[in-house]
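Dropping the structure in here first, questions after.
Chain lettering (A, B, C, D, E and F) follows the sequence in which the chains are written, and residue indices restart at 1 in each chain.
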Amino acid sequence: MNETLTTIQQIDGVGLDVSINTIWLLVAAFMVMFMQPGFAMVEAGFTRQKNAANILMKNLMDFVIGSITFWLIGYSFMYGEGNAFFGDFSKFAFDPGTDTYGAGYSDYADLMFQTVFAATAATIVSGAMAERTKFSAYLVFSLVITLVIYPVSGHWTWGGGWLSSLGTDATVLDAAGEPVSWGFIDFAGSTIVHSVGAWVGLAGAIILGPRIGKYVKGQARAIPGHNIALGALGVFILWFGWFGFNPGSELAATGGSASAIAKVALTTNLSAAGGAIAAMLVAWMRYKRPTLSLSLNGALAGLVAITAGCAAVSPLGALLIGLIAGTVLVFSVEIIDQKLKIDDPVGAISVHGVAGAIGTLLVGVFALGSEVTLADGTTQLVGAGLIYGGGMKQLGLQAAGVFSIGAWAFVCGFILFKVLKATNGLRVSKRIEEEGLDIYEHGETVYNM
Amino acid sequence: MKKVEAIIRKTKFDDVKEALHEAGIEFFSFWEVRGVGKATEARIYRGIKYDTSSIERILITIYMRDQFLDPTIKAIMKAANTGSIGDGKIFVSELQDAYRIRTGEQGDKSLYIEE
Amino acid sequence: MKKVEAIIRKTKFDDVKEALHEAGIEFFSFWEVRGVGKATEARIYRGIKYDTSSIERILITIYMRDQFLDPTIKAIMKAANTGSIGDGKIFVSELQDAYRIRTGEQGDKSLYIEE
Amino acid sequence: MKKVEAIIRKTKFDDVKEALHEAGIEFFSFWEVRGVGKATEARIYRGIKYDTSSIERILITIYMRDQFLDPTIKAIMKAANTGSIGDGKIFVSELQDAYRIRTGEQGDKSLYIEE
Amino acid sequence: MNETLTTIQQIDGVGLDVSINTIWLLVAAFMVMFMQPGFAMVEAGFTRQKNAANILMKNLMDFVIGSITFWLIGYSFMYGEGNAFFGDFSKFAFDPGTDTYGAGYSDYADLMFQTVFAATAATIVSGAMAERTKFSAYLVFSLVITLVIYPVSGHWTWGGGWLSSLGTDATVLDAAGEPVSWGFIDFAGSTIVHSVGAWVGLAGAIILGPRIGKYVKGQARAIPGHNIALGALGVFILWFGWFGFNPGSELAATGGSASAIAKVALTTNLSAAGGAIAAMLVAWMRYKRPTLSLSLNGALAGLVAITAGCAAVSPLGALLIGLIAGTVLVFSVEIIDQKLKIDDPVGAISVHGVAGAIGTLLVGVFALGSEVTLADGTTQLVGAGLIYGGGMKQLGLQAAGVFSIGAWAFVCGFILFKVLKATNGLRVSKRIEEEGLDIYEHGETVYNM
Amino acid sequence: MNETLTTIQQIDGVGLDVSINTIWLLVAAFMVMFMQPGFAMVEAGFTRQKNAANILMKNLMDFVIGSITFWLIGYSFMYGEGNAFFGDFSKFAFDPGTDTYGAGYSDYADLMFQTVFAATAATIVSGAMAERTKFSAYLVFSLVITLVIYPVSGHWTWGGGWLSSLGTDATVLDAAGEPVSWGFIDFAGSTIVHSVGAWVGLAGAIILGPRIGKYVKGQARAIPGHNIALGALGVFILWFGWFGFNPGSELAATGGSASAIAKVALTTNLSAAGGAIAAMLVAWMRYKRPTLSLSLNGALAGLVAITAGCAAVSPLGALLIGLIAGTVLVFSVEIIDQKLKIDDPVGAISVHGVAGAIGTLLVGVFALGSEVTLADGTTQLVGAGLIYGGGMKQLGLQAAGVFSIGAWAFVCGFILFKVLKATNGLRVSKRIEEEGLDIYEHGETVYNM
């Protein structure tokens, strides 16, 4: 991004552009960190009050554990050079002492930014497995996802692994005679962050089974959340945090990035709006009522869906992605809940998994692509989606990413939870579930006289 | 002594309170309840219908000496009435004994303050 | 007329509601209560144990004509039962009088709608 | 069988609970209520006075066998008393029947656990 | 602001100052967006729980609709050149592709910033019309305000329309011989944003009539909000967001703007503090109690009032504006509620309308003015308020703005709601109002067991 | 920090670095301001609902009063040159008109940043004295702490007073022949901000005595907070705000500060995580349950503890400081509550006082120190902690700061509250305490039907 770096004025050897980028990255990281209370409020609000302390505790602890382990090992495992599949331990207990500003911003700022992303992936799972999972099992899980599951698949794309250059075609050479390198597009992590959390959660929800009373005589029962006002607050907080999540993922604010971050903010906002309105309208038609809970989920679906393509599509494309995601969301919730009978109390699988997958795939449809000057002087569009003449190529790359990462996350989650079930136990006893995890697991209730 | 329980609309609470005071009722207790009745408005939570008919009401409980029963009933009937479905009901039952914790007074005496 | 109070598990509320409807009960009121019983699970708030045994339950109150008593008890007993400690109890007492606020009807008549 | 309802201060709840346990009462239910009484402290919401006298209390309901009545009343009277206005009241009425949902036991038997 | 732009170092052709300004504008825009949950919590907290889903849904949907329509048309209609009264369609479905950084920051950032302002105007209305308005009518209204009402009057000042140069006097020529141009001062939108929302809401509240049970035997009854803790949280969030709203409206952070944004933050904060403390003290004297709800409203009144003049007055002036606004607030609430018997459940008309008007007018009293060197070499103070020797001139300009925009908003709102009443219907049925809009309009309750 | 300032490009005479630093400082100030709702939610959530309006009102009003008085006098008294013990009145009613950008950022931005810190110190006290203090007494107290108590001890270190050069040794001369100056290290205010609030609160809690019913027959009773979900939200908000508090205290983002702010963010986050996990584990072992309330307090303890040393220690050191703080927290709460029988409803004394003191002292253990080139060409490490070879010297300096400031705050608080008790009265009547301060002191309840 900063091709003319050397000419930039410096203070004590640090360019002003580095300061600008670092501020941007830190503010974005803080906003993403602030998504934690967003998740906490959504998950607490959409579940019952007898389990509120438990869900809040889980949200607190996955961020806590993620912060420590990702700093210690996860970051290295994800961004350490390593090979196409895993990073290495070169960044273990990250503390380089002297900052290299290697990527145009402080190395420490990068760690902070990546840490809050890892914690986001972890926190999604608690929603899908809410109201019945042992707290001790959840702690172990938090460790494993930020140590291994998330860093490995993260490495595949963002860490320079195999997915990041899957689209490279030896016959397409750039002006310098090098093959033009591109691959699976997931700008800020629809798949890498959100779906990973969701597919692990899916494995967990399947292995756990539904909450007591959720399915009676083969019929799904509604178990309404105890405080949708908190849930709504959480969604607004998440929406706000997403302006750190997506625009921050540009990792710079200088040069062309000044425009890019603003445009990403716009696509992010339009898709969220599209998701909310589509979900509202579809729910209105299907259930005769514009329901708040589904509209809130719809906004989140729009946000998750645009995360992959926010820098690759036009504002109109973003709006369409949001509308599609919001529409699918309603059906997805219904199918998972009522047909597949997988009990996902807060709809995390639909919001983060299904919408994440769809959004990632839609990049293969709506991506504008970028022009590259080839060795022979002609220009070629790479990474363009279906409707911009890219054919099925980018769609194929997107599918490769969605499915390989999805499989990795689901299988890891499945094994992890099976092992936990066999050893520590995964689900609380019937009595604890009945009376609430708060009293029995934490010895504390959230609402008191 | 009698126990009177009245289930009324929330929006009629202030009116009923005033009417009770006028009828000489100085003390009562109340709390929020939900009522299930004939109204069957569907609620939908994330695509599933549920709880098809509960509405929010206030339950007022008054323990009183026998002579207050009639004026109390009348007062509530008048103040809580809108004429539309959902106005609520009044229930009367026998109260066997009563005590005032502060003074240890028992029976009728515990239900009023001598001046 | 009778007053039936049933203290049941929150998770059994939907089942009980359905069972009551099948037993012909169209109206009832309910609210959340806490129960103190034999279970003695300690709570800890900032290092101090407290409130060692309270659990959350729903209290359903139904005022009914006498002939509904038996089917109602049976319906609740069946629908609220899990066989584990904490299923709750049903209490029956005498109701002396009842009024429908909307119409002014009194007694038995106030407890059902003629069609 | 008796039904005892006691309206007490929130801050006295722990004391009353202990006293009841000492008096042999193992099970009771409670919830928060608001009381309207003589105290007339004005509340102001955005410039308008309202709700001039309601205070927060806890209502404890105990269903018991007859022989527990006296010790229960004594226990509550002692534990809930502060001597200041607002200590609350105790109300006693007749309970006609009781059932334990878990076992189907009826009457007195449903109110205690044989050991 | 950036007069020496050409000499600034660039990365890929984009000056570092552009990056700085863009970051500033985006962060400010995100903070203003975050005012949405602030409004949502205030409005939900200050109304009854049976309508909480409805009010949350309205807050969500006005932001959603505003985001889409303002991007599509509203922005163009407001900032497109057009004439003195309306913009044009030159910025339709805004997506210039290549960023011109025309104003010293990314064009996309400007759109984002303006969008969140439009949504703010829209969201104010829901408070004044709470607890009795049909949801479908509210959706239509949201569309109209962000498509037409707000953009048109916004164009008059910020879009370069007639109010922006109303003060220009053909005899006052600057060094270059051009008439010195200035006009109605409304820096961040006391009138343009807040009052517009409030006067539309006033029209709506009048046409709707009061809630059932609000006026009994000619006496106003208190209908207390169901959760003032949420309301307080909302006010704090709004206060925080206002630091994006006002300082962000400087639209730059380089050059003298570095000082200006900080000073605006200071005036904003002092006025908010003044508003809160004045409202508390007045309520204490009048109602014998320092009430939380009025103090919270007072803080908002201070914030709204300073929004017009935050860049034009001194810190002391700001404190005075806040004190005046907080004092007036208490009387305004009382008069509107108890004398005029207009039922405004959350006090939006007093907070955003009355305080907005007063704050805008007070610019004509407290504005420091700016020195301009005239053609004849002498300097003249333009835009100074009454107490700084500006006489009645600026006060007159302010009054012109307050009344013209107020009339526009009120009349538009009046017509709109009359039409809605006659067609779609504006108010829910008695039964729905009684049992709560949540159940009947949305099929959902916010608090569940 | 900005040694090469003169060479930096300017717009209208203001360097780009000034813009960068000012933005950073303002954003940080806004985030610190946002800690106010964090405190409000924590304190309201951890107390009973009958006093919720009162605690919210106190949190609102201490910020309001602090904003006004610190601008008027406190700022001058803290940062005015004065002498080693007090500032002066040179910055009275701060409004320099022309910004000097004296420290590399807008002077107004500095005032804003310092104001929100003063308000933080004030707001801590309300928690320790919750549920029984007269509102009028609290208003007076708010005035005094932001006018005198906080500014004076603040002057000792940050204002250039005696603590700031206590470590200076006349024999250690730098390259220029000047004695190397350093002293008590409290980077962002573990002691200067947090402990000051806590020790004043301690004095208040002692003088007030416990709440009715807190100690029965010599036994401490639990009085659980009424809404721990709000409390958890508050803690997350505080955590977020702390990223303004600590990294912002670098007061710059250019030059080496670009790395410093990012590293401070990292140490802050790791310590918070350490505090939460330690508190959870210790509580788990001691009380058989991983309790939410103590884990939340633990996170805050970690944040408070790292505030002094966040720029002086390594990430690993930060994690250790957090773990220690979290461990001590649990015992501290138990001892203060159950042994000393001081009734501190929200644990403010342990969180802000004890953890603040420990964190400040631990700087004397974990500080990396900084290398200084001496006059004779050798280099020496100054300010290093015990384990980095600094011996007891820095530890001694830290202890001097902790105790002198602690004594100042406690004694001032003690005198102030004694005077208030004797004049205005400090505690509400038994009846008001019983029925709730909301009804009697504010005539309003927070939760309504």
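Going forward, contacts are C-beta pairs under 8 Å (C-beta built on N, C-alpha and C of every residue); 3 or more make two chains touch, one makes a residue touch a chain.
It should be emphasised that the depicted structure is a prediction, and the values quoted were computed from it without experimental measurement.
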Fill in the blank from the handout: Dup interface of D-E (contact pairs over half shared, numbering-based), picked from A-C, C-F or C-E, is C-F
Practice task
Decide which interface, A-C or C-E, involves more C-beta pairs in contact, and give its chain pair.
Solution key: A-C
Problem - Chain centre separation in whole Å, for subunit F relative to subunit E (CA means) - result: 34
Problem - Centre-of-Cα separation between subunit D and subunit A, whole angstrom - result: 51
Completion exercise
For subunit F, residue numbers touching 2 or more other chains are 9, 16, 20, 23, 27, 221, 224-225, 227, 287-289, 291, 293, 443-445, 449
Completion exercise
For subunit D, residue numbers touching 2 or more other chains are 10, 14, 31-32, 42-45, 50-51, 84, 86, 93-94
Exercise for the section: Chain touch graph shape: choose line, ring, star, complete or other and state it. Expected result: complete
Completion exercise
In their shared complex, subunit B is touched by residues of subunit C numbered 3, 14, 17, 26-31, 61, 63, 93-102, 104, 110, 113
Problem - Touching residues on subunit F, where the partner in the complex is subunit B - result: 449
Completion exercise
Contacts from subunit F onto subunit D in the complex sit at residues 50, 212-213, 216, 221, 430-431, 434-436, 439-440, 443-445
Fill in the blank from the handout: Given the complex, residues on subunit E that touch subunit F span 1-5, 7-9, 16-17, 20, 23-24, 27, 31, 48-49, 224-229, 232-233, 235-237, 239-240, 243-244, 247, 253-259, 261-263, 265-266, 269-270, 272-274, 276-277, 280, 287-293, 295-296, 299, 314-316, 319
Exercise for the section: Using the touch rule from the top, collect the residues of subunit C that touch subunit E in their complex. Expected result: 10, 13, 32, 58
